[in-house]
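A single structure is presented below for examination.
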Amino acid sequence: MVIEPTALNKILISPRSNGFRRSWRRFAGNKIAVCALCLIVFQIIIAVAAPYIAPYNPYKGDFLATWETPNRLHWLGTDDLGRDVLSRLLYGARISLSVGILSQLAIALVGVPLGALAGLKGGWIDYVLMRAIDILSSLPTILFYILLMIALGAGFWNLILAMTLTGWIGIARLVRGQVLSLKKMDYIRASRAMGASTFYILKKHILRNVMSPIIVSVALGVPAAMFAEAGLSFLGLGVPAPEISWGQMIGMYQPYIRTAWHLTFFPAIILALTMLVWFLLADGVRNLLDIEN
Amino acid sequence: MLRYILTRIIGLIGVLLIVSALTFTLMHKVPGGPFDALALEKQQMIPDNIKRQLNEKYGLDKSVFEQYLLFVKNSIALDFGYSMTYPGRTVVGIFKEQWTYSLQLGLLTFVFSLLVGVGLGIVSALKPDSIFDYFGTGISIFCLVMPSFVFAILLQFVFSAWLGWLPTGGWSSPRHWIMPVLANSLAPILVLQRYTRASMNDALKANYVRTAKAKGLSRRRIILVHVFKNALTPLLTVGGPLAAGLIVGSFFVESIFRVPGIGFYFVSSIGSRDYPMIMATTLLWTLIISLAYLITDLLYALADPRVNLVKED
Amino acid sequence: MPEMLLQVDNLSKTFAARNGFFGKKTENVAVDCVSFSIAEGETLGLVGESGCGKSTLGLTIMRLYAPGGGRLFFGGKDITHENEKALKPVRREMQMIFQDPFAALDPRLTISQIITEPLEIHRSGTKAERARKAAKMLERVGLRAEDLDRFPSEFSGGQQQRIAIARALVLRPKLLICDEVVSALDVSVQAQILNLLRDLQDEFNLAYLFISHNIAVTAFMSRRIGVMYLGKLIEIGASEQIIKAPRHPYTQTLISAIPEPDPSKRETETSAKSETGENTERPNGCVFRLRCALAQDICAAEEPQLREIEENRQVACHFAG
């Protein structure tokens, strides 16, 4: 038997041998993204540790110290009930981060299987899904959020539910598109020819090939979700008191911007910075995964 | 072509029906809403004539389905009843009177973002990797991560509360226009800058530019005549939905700067659970945006002969 | 008469497409009432130009498409309409190899994972046993056991096709459908793969359905050849006979297209009007009549059926034999 010389026609570096280590090294080359990652880790740690590091109880007000601008005792001032702004910001971070991350996970959990199933099976499942997507995308998202939140009532879990109900569309569409193009590949046909079940094909072949776009979508979705939560809380429809949210703080004290600027300024700044940092991380992840493909 | 328009219009009607059903269902379920007959009985704050109005209009004693049909019928006639927050004014009346302000804001925003966005995009494309390019990209990243309402707050803080140069709210003089327009322009500028830059880059690399250069045309003439025409036409696809979004007003910017447009009224109706207002706004929003998409698609198909509207399954 | 391994009776497959929501429905007849059989251990070649439906026929036999009409028998069992669950045991016996070797292998899996996949699907043995079988099969097709941990992209086209063959054979199927398996390979490599396939056929008592547009290659591999045109089987018989004396006008075109190295043996006469098939609309009556120099009125009026004109030779033409 003549053995052909191993011609490396397609000198693609195999994606999995030392895959993770190589990805990490490439990611590390992107200084901005690494910076962002560090800041995010820092933020997460602080948010988790908030109950221990917050200087004051964010729910209890000191009625002798209301409407105070930043001073030595209260670094960022106090609000109308004498609650320390800094402590409230720390607790607000918990809400922002949890809404951002949890909503994206829920969206992925719902959207990915639906999109994959529709793409793989086709037929009426696909038809129904596409029509559902068409309908849901014709209604402007903000309105949909507002309607849902009015109907469901403001609240943390209601918010996550509302975001999941609107957000699964994007990722489902994405996954469906990927699956459709993968479906044409002969190796999927070969698997079917061997008698593989749909579930098996999904697990073995499709999932690892769609992982990258899914990860990017989730990463980019977190800052977007934070934005949505802030906006809805601003309108009074997101996370209601007594829970603390940056958007809620901005919404409540916006009328007082001239006199009590610190009550809106600090939440606004920290929200903007948080979104910036998460976006930079997501962008870094996207660059990384795009190159690998 | 006619078949396509027909299909789209049917689609539009379908979407509106579904959206109205969704809206109706959601609002119907809300305790204390206008469809909650029991709560209505208990509500002493609603004046009697409005109660009678609501009973009549919404048929609260009839079955749910009949209520829905009544709702649809009224909506088609553009009769949404009286606003609950602003007694004495009909919803449609509010729309008619306040929409002009939203339109003004939208128009100013559109023009401003067009100038800035397209301008930055063109500069980025023509002078890549220059300081202008980085500036342009920096601005677009800023527009991307900065939520409009946060920017609005910051603007208000700096120029109103701190420096005192500009008024905090209102719409009565040009000075009042500056901050709202700036805050509202973030998203449009982002979209326009990116799109223009990409489109210009594509056009610059295209073969017909190389041909023109080979023919010996000066760079300036090439740019003015060929590149611009081809690069800027696709802006239609983006401009349409953008304009639609601007026509319907901006919730956050109007609320923060107290611009008396329909966005502002909508936000206040949320707070007071003014359901007629909420439902009407939802339907009209959806209608306007869907129409805008349809018109954009049609205009684009007319402008660019390469576009094939009929999709093959 | 021994029971046939594969029996195809009047198999048809049509694809419907709709032009937009209000548009017209068009039907594309890919396979039209094809019948033949393959015995254990024998090779039937299927030849025809692109678009004649031979690949679709292969995919339909594999039940990757649902047959539109006719019947399909494998090992005596009617598998025309069986659901996936009932088909699973059948799938062990029937495998397929595709044209593009790289596309047939999942680029993110190792060779070991690729070859053990059929074993995994059919729960054959433990993980260790499967790996051992994969290694053995890999060596049988001419690669090394060390290659198990590498990825498809590290191999050449010919090697990738060997891997695909190893994967197809690891369950010891009885029938292998080869769909243009050497068309994407260099000529020198083609010969190696073809030889490998012949060796394996003897060793594992495999039956092949060898699909190709290249009649010379098909004749090399197959004892019998079927010729297809626009979805219909128009001639079938022993390869030697078909090459030496083609009876159907279309087959004659195909044979004459084979380059003849000896200039003294070259003929210029063919019975076809044009070399290329520009007109792919299916005519009524005989599918080939629009390109056929022998076409008469009867060809439009009546569709010729496969007639046995001599022993083991069938031709679908009004004027053959």
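Letters A, B and C mark the chains as written, and numbering starts fresh at 1 in each.
Simple rule for what comes next: a contact is a pair of C-beta atoms (placed from the backbone, for glycine too) under 8 Å apart; a residue touches a chain by one contact, two chains touch by 3 or more.
Note that the coordinates shown come from a computational prediction; the quantities given were computed from them, not determined experimentally.
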Farthest from subunit C by Cα centre, which chain is it? Let me know.
B
Please list the single chain whose C-alpha centre lies closest to the global protein C-alpha centre.
A
Just give me the whole-number Å value for how far the CA centre of subunit B lies from that of subunit C.
57
Hey, how far is the Cα centre of subunit A from the one of subunit B, in Å?
24
Distance between chain centroids, defined by C-alpha means - subunit A, subunit C (Å)
49
Which residues of subunit B touch subunit A in their complex?
15, 18-19, 22-23, 26-27, 29-30, 141, 144-147, 149-151, 153-154, 156-157, 160-162, 168, 245, 251-252, 256, 267, 270-271, 273, 278, 281-282, 285-286, 289-290
Complex interface listing, subunit A residues touching subunit B
134-135, 138-140, 142-143, 146-148, 150-151, 223, 227, 230-231, 234-237, 250, 254, 257-259, 261, 264-265, 268-269, 271-272, 275-276, 279
Considering the complex alone, what residue numbers of subunit A touch subunit C?
1-4, 6-12, 14-17, 185-187, 189-197, 200, 204-205, 208-209
Subunit A contact footprint on subunit C (complex, rising order)
59, 62, 64, 84, 87-88, 91-92, 94-96, 98-100, 102-110, 117-118, 121-122, 142-144, 150-151, 153-159, 164, 167, 171, 189, 192, 196
